[in-house]
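Look for chain A in each of the two complexes below; its partner is chain B in the first and chain C in the second.
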Partner chain A sequence: MSNISKWVIVLLLATVPLWVTNQYQLHILIMMGIFTIGAMSLNLLLGYTGQLSLGHVAFFGIGAYTTSLVSLGFDLKLTEDYTFVFAPKPAWFGVICAIVVAGLCGWFVGKLSFRVRGAYFVIVTISFAEVIRLVALNWVDLTEGPMALNNIPSLAFTIPWADSAALSRRIANYYLVLAVAVISSIIIQRLVQSRIGRTMVALRENEALAKSVGVDVTRSLVLAAVVSAAIAGAAGALYAHYVRIVDPDVFLFIYTVTMVIMVIAGGKGTLAGPLVGGVIFGILPELMRGHMLPEVQWIAYGAIMILIVFFLPEGIVPAVQRWWAGFQRSRQSKMNPHSRANKASPREAAQ
Partner chain B sequence: MNAHVTATQSDPILTVSNLAVHFGGLVAISDASFSVAKGEVVSLIGPNGAGKTTAFNVISGFLPATHGEVIYNGRRMGGLKPHEIADAGLVRTFQKTSVFGNNTVLDNLMIGLHRRGSGSVWETLLLSPRIRRQEEEFRDEALQLLEFVGLAHRSAELAGSLAYGEQRLLEVAVALAADPTLLLLDEPACGMNPTEAMAFRRLLAEIGKRDITVLLVEHNMRMVMGVSDRVVVLNHGRIIANGPPAEIQQNPQVIQAYLGHGPKHA
Partner chain C sequence: MDQLLQHLLNALILGSTYALLGIGLTFIFGIMRVVNFAHGEFYTFGAYMVYLFSVTLGVNFLLAIVIAIVLGILLGAVVEWLLLSKHRGADIDTTMLIMIGAWIIMQNAEQLLWSGVAKSIPMPFPEDPLTVGSVSVAWARLFVFVMATLLIIGAQMLIQRTRLGKAMRATFQDTATASLMGININMIYLATFALGSGLAAAAGALLGPIFIVIPTMGNLAVIKAFAIVILGGLGNMKGAALGGFVLALVEEFGAGYVSSGYRDAMGFLLIILVLMVKPTGLFARTERIG
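Showing the complex of A and B:
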């Protein structure tokens, strides 16, 4: 996709709050956006380095908890007579802390799994997420455990044309999510289309060969984990300031699964894949909710997933790309039956 | 090429001394010492299971040695990771065809060029002019290398979709992209048809002209005898002969290793 069409899409998305004024619909779009950012970050690991992180929600939750604690402040009784008091800081500072802390955790997990690949990487990430969830649940002094952190300050700014405070808050959050999504996708795009990004793909495709030409695959895996975790942390921070309550349920496995489904159905290892997957699987449950009983809904959801994986194993985006390329070729050969099919890639054509 | 070799004989680029590799109780290499001089083409031959690929794996850092050491350009390679050894200019290829199958041929070369470039994460994210320029240089260099091995017309294809012989050429091109001083080729002509093998011999000669020293493992004896300055013969994990091809062909021990020592029917 060309750069212009990308910015056209961003502009279109920016106009959404002008014609969608239903608060519930906006809410769905915001949640969809937050999870799409999560899916984008997961795609960096799963799609490009080929390592499945089944504990991805840990980074999301760490982001949510970090920003909540920083912006609410907390007391921590370290010894009998010394209590560490952390005064509340502005919400934007909390978001920055969330990104940094989640990135550090990504670095830790990347380092921890410097030698493990495939199934073992999956186990390391699941364990990490579970440990973090147990910490959030049981360290009641800090996290309030199952009582949850409440009244997290909102990041919202005033939207002049909104006719109620609640609507204004939703619109502001919508724009925040859109902005973070755009920045994240630029970061991911620049990274994967660079010399550094090629090392990630090299790790996925053929680790031994990558090493043999001097690629430090561990380093590129750690880098991918850090960037991926930092972006997931940003998504978690947005979630915390939007929903304004965070409990250990943000670490639920189902959220990781949702992100994995978004990436795989959309097309892992493509830039547009997680966006397409995020839109489809963010809206689908809501569309079905109006027409189906909850039980039937989950069955239908499962059936759609199986159909996508069965018929489009590489995901929607690669399938559409191939179909489009084939369509172009057949049209060209119809128009000019004597010329050989033009197989040059756009990149080569630009040379 | 022989004149060049005698001139630099005193200057080995690679020295393998008293190398031993044991896998538990199994001795893959018992005691092997040999060296490769700068600019030479040396072939490592021997019957199947003689330990040739094991030797390659140790030299390139994929396997630790049990005893002995590998010295490359005056530096001990023991304990270095494969990517660090490659970064020192010692690049290998693999016995089994090994390409980045889901990437285009051009991208395979771009990955191979990795160590020639640089760029921090911040520079990359800000897409600095230097990074853009480097990408363009990489692309030009990649296309030149594809031209060199004769795969330029395939640059936009997926590496996995190439014919077998072409994939083997691509492997060599990827290794060349990494700018080797010493190139270890593990059975590069295995599975090539005679025409492809001939073309590959010409390519080897061209590689020699680029001042790249070559250590070759190969079963195609015609190629080995044709391209090598020196042949090292490995059998049962030990070196049984080391000398110019003509001498190796006459060596009774080598003949015995390849043909066995039954009664001669001839």
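Showing the complex of A and C:
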């Protein structure tokens, strides 16, 4: 897709609040956007480096908790007579802290877990997420545990044309999510099209070969993990300031699964894949909600996941691209049998 | 001292069921290279089958456990045939995603059929615990320990002493050569998955009546099973059995002496630690089965 058409899509998305004024629909779009950002960040690891991280929700949750704690303030009893008091800071500062802390955690987990591959890597990442969830659940002094952190300040700015404060808040959050999504996708695009991005793909395809030509495997993997975690942390921070309540359930494994489904269904290792997957699996549950019980909805989710692995193993975007390329070729050869030779690459023309 | 003994005893009993879970999973991974995320759901399935037969249908408790194990084996065979038999030789991520899908489906089917309300299964054992010296153990737990130990020995015998076990070991060592020797690999895979699932169902059938039965009980079970398998080294059956006991010990002592809130975190910390220090598992020289 060319750069211009990308910006046209962004502009179209920017006009959405002008014609969608239903709060519920805006809410769905915001949540969809937040999880799509999460899926984009996961795609960097899963799609480009080929490492299936099933603990991705940990970074999302760490981002959510960090920004909540920074913007609410907290006090921590370190010893009997000394209590560390952290005064509340502005929400935007919390978001920055969330990104930094999540990125640091990504670095730490990357250093730790990239010593192992395959099934071991998957299990280390899950274990990390579970440990973090149990800490959030049990460290009640800091996180309030299952009582949750409430009344997290909103990040929203006032939208002049909105009728009500509630609508204004949703529209502002919509724009925030859109902005973070655009910035994240630019960062990811730049990264994967750079030299480092190519080393990531190289080690996904053949790690031994990549190593033999001098690719510093651990360095590129850790870098991917840091960027990926930081973006997931930003998504988590947006979530916290939008929903305004954070409890240990943000670490539930099912959220990781949702992000994985978005990436796999859309097409891992493609820039558009997580976006397409995010839109489909962000809206699908809402469409199904009115017609079926939540359990049936989840069963359908699982079935769709299996069907995609069975019939569209590469994902939707590569399948559509291939179909479109084939369609274009057949149309061209029908319209003008000679045009193919002109348009073909030099190698094909030489044959 | 008494407390220490009591913790040791509890760990031994819990460890026996953990070992069952781990052995089933290590079979499946070792032979089929499938990271079976639905393993915890077979565990849950076993518990619900005992509930169904012994509470709802009023079948004898012991018979209900046997039925649950048999049905677990059958369900495992069906799942393998339906979902995995078409993906021989697929990379590990593909089958893992399929099994995650199966996990979601199975868990929500349980939720749909039995609702999220926890069920309890009465056991036909005397209420008064058996007290020896200063430690006491409930009869029900003793029963679980004996059953689990018998099943572990049975599985070990199956692997070491039968033709099927021999074929499974051969397939584990070298699939292509085993196939050339006339072993039907598809049947071995089917049998492996069915057996692994049956062991998970057995663990659920034994632990379900001791704890409570809820649809989400498999979530922790599957991750703990992974922890056990990693402790023992993937594909190592004796390692998995030992790993089950090690995990139970760590959990029991962690909960007893550190903090009970972090009981379930112990296993995960243990995984991370083991993988950092000795990624092939504590008890493995190399990956092997048997």
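Here is the rule we use: the second predicted complex is superposed on the first by the 333 of 351 C-alpha atoms of A that agree within 3 Å, B and C clash if a C-alpha of one lies under 4 Å from a C-alpha of the other, contacts with A are read in each partner's own complex, and residues count from 1 in each chain.
Here, contacts are C-beta pairs under 8 Å (C-beta built on N, C-alpha and C of every residue); 3 or more make two chains touch, one makes a residue touch a chain.
None of these values were measured; they are calculated from a predicted model.
Asker: Once the structures are superposed on A, label A:A136 by its partner contacts, choosing first (chain B), second (chain C), both or neither.
Answerer: Neither partner.
Asker: Once the two complexes are aligned on chain A, which partner has more residues of chain A within touching range, chain B or chain C?
Answerer: C
Asker: Just chain B (first), just chain C (second), both, or neither: which does A:V201 touch?
Answerer: first
Asker: Can A:V215 be said to touch chain B (first), chain C (second), both, or neither?
Answerer: Only chain B; A:V215 stays clear of chain C.
Asker: Using the superposition on chain A described above, determine whether A:A224 touches chain B (first), chain C (second), both, or neither.
Answerer: In the superposition, A:A224 contacts neither chain B nor chain C.
Asker: Check whether A:S127 is in contact with chain B, with chain C, with both or with neither, and answer first, second, both or neither.
Answerer: In the superposed model, A:S127 contacts chain C only, not chain B.
Asker: Going by the contact rule set out at the top, does A:I187 touch chain B (first), chain C (second), both, or neither?
Answerer: In the superposition, A:I187 contacts chain B only.
Asker: After the superposition on A, what does A:I264 contact: first (chain B), second (chain C), both or neither?
Answerer: A:I264: touches chain C, not chain B.
Asker: Which chain A residues are contacted by chain C in one complex and by chain B in the other?
Answerer: none
Asker: Using the touch definition from the top, list the residues of chain B that touch chain A in their complex.
Answerer: Residue positions touching the partner: 60, 62, 81-83, 86-87, 91-94, 98-104, 106-107, 110-112, 114-115, 117, 119, 121, 124-125, 127, 131, 134-135, 138-139, 155-157, 174-175, 177-178.
Asker: Which residues, counting only chain A, touch chain B once they are in their complex?
Answerer: 187, 190-191, 194-196, 198-199, 201-202, 205-206, 208-217, 223, 343-345, 347-348, 351
Asker: Touching residues of chain C toward chain A in the complex: what are they?
Answerer: Where chain C meets chain A, its residues are 29, 35, 83, 86, 92-94, 96-98, 100-105, 107-109, 111-112, 219, 223, 226-227, 230, 234, 259, 261-262, 264-265, 267-269, 271-272, 275-276, 279.
Asker: Considering only the defined contacts, which chain A positions touch chain C in the complex?
Answerer: 52, 112-113, 115-116, 118-120, 122-124, 126-128, 130-131, 134-135, 137-138, 253-254, 257, 260, 264, 293, 295-296, 298-299, 301-303, 305-306, 309-310, 313
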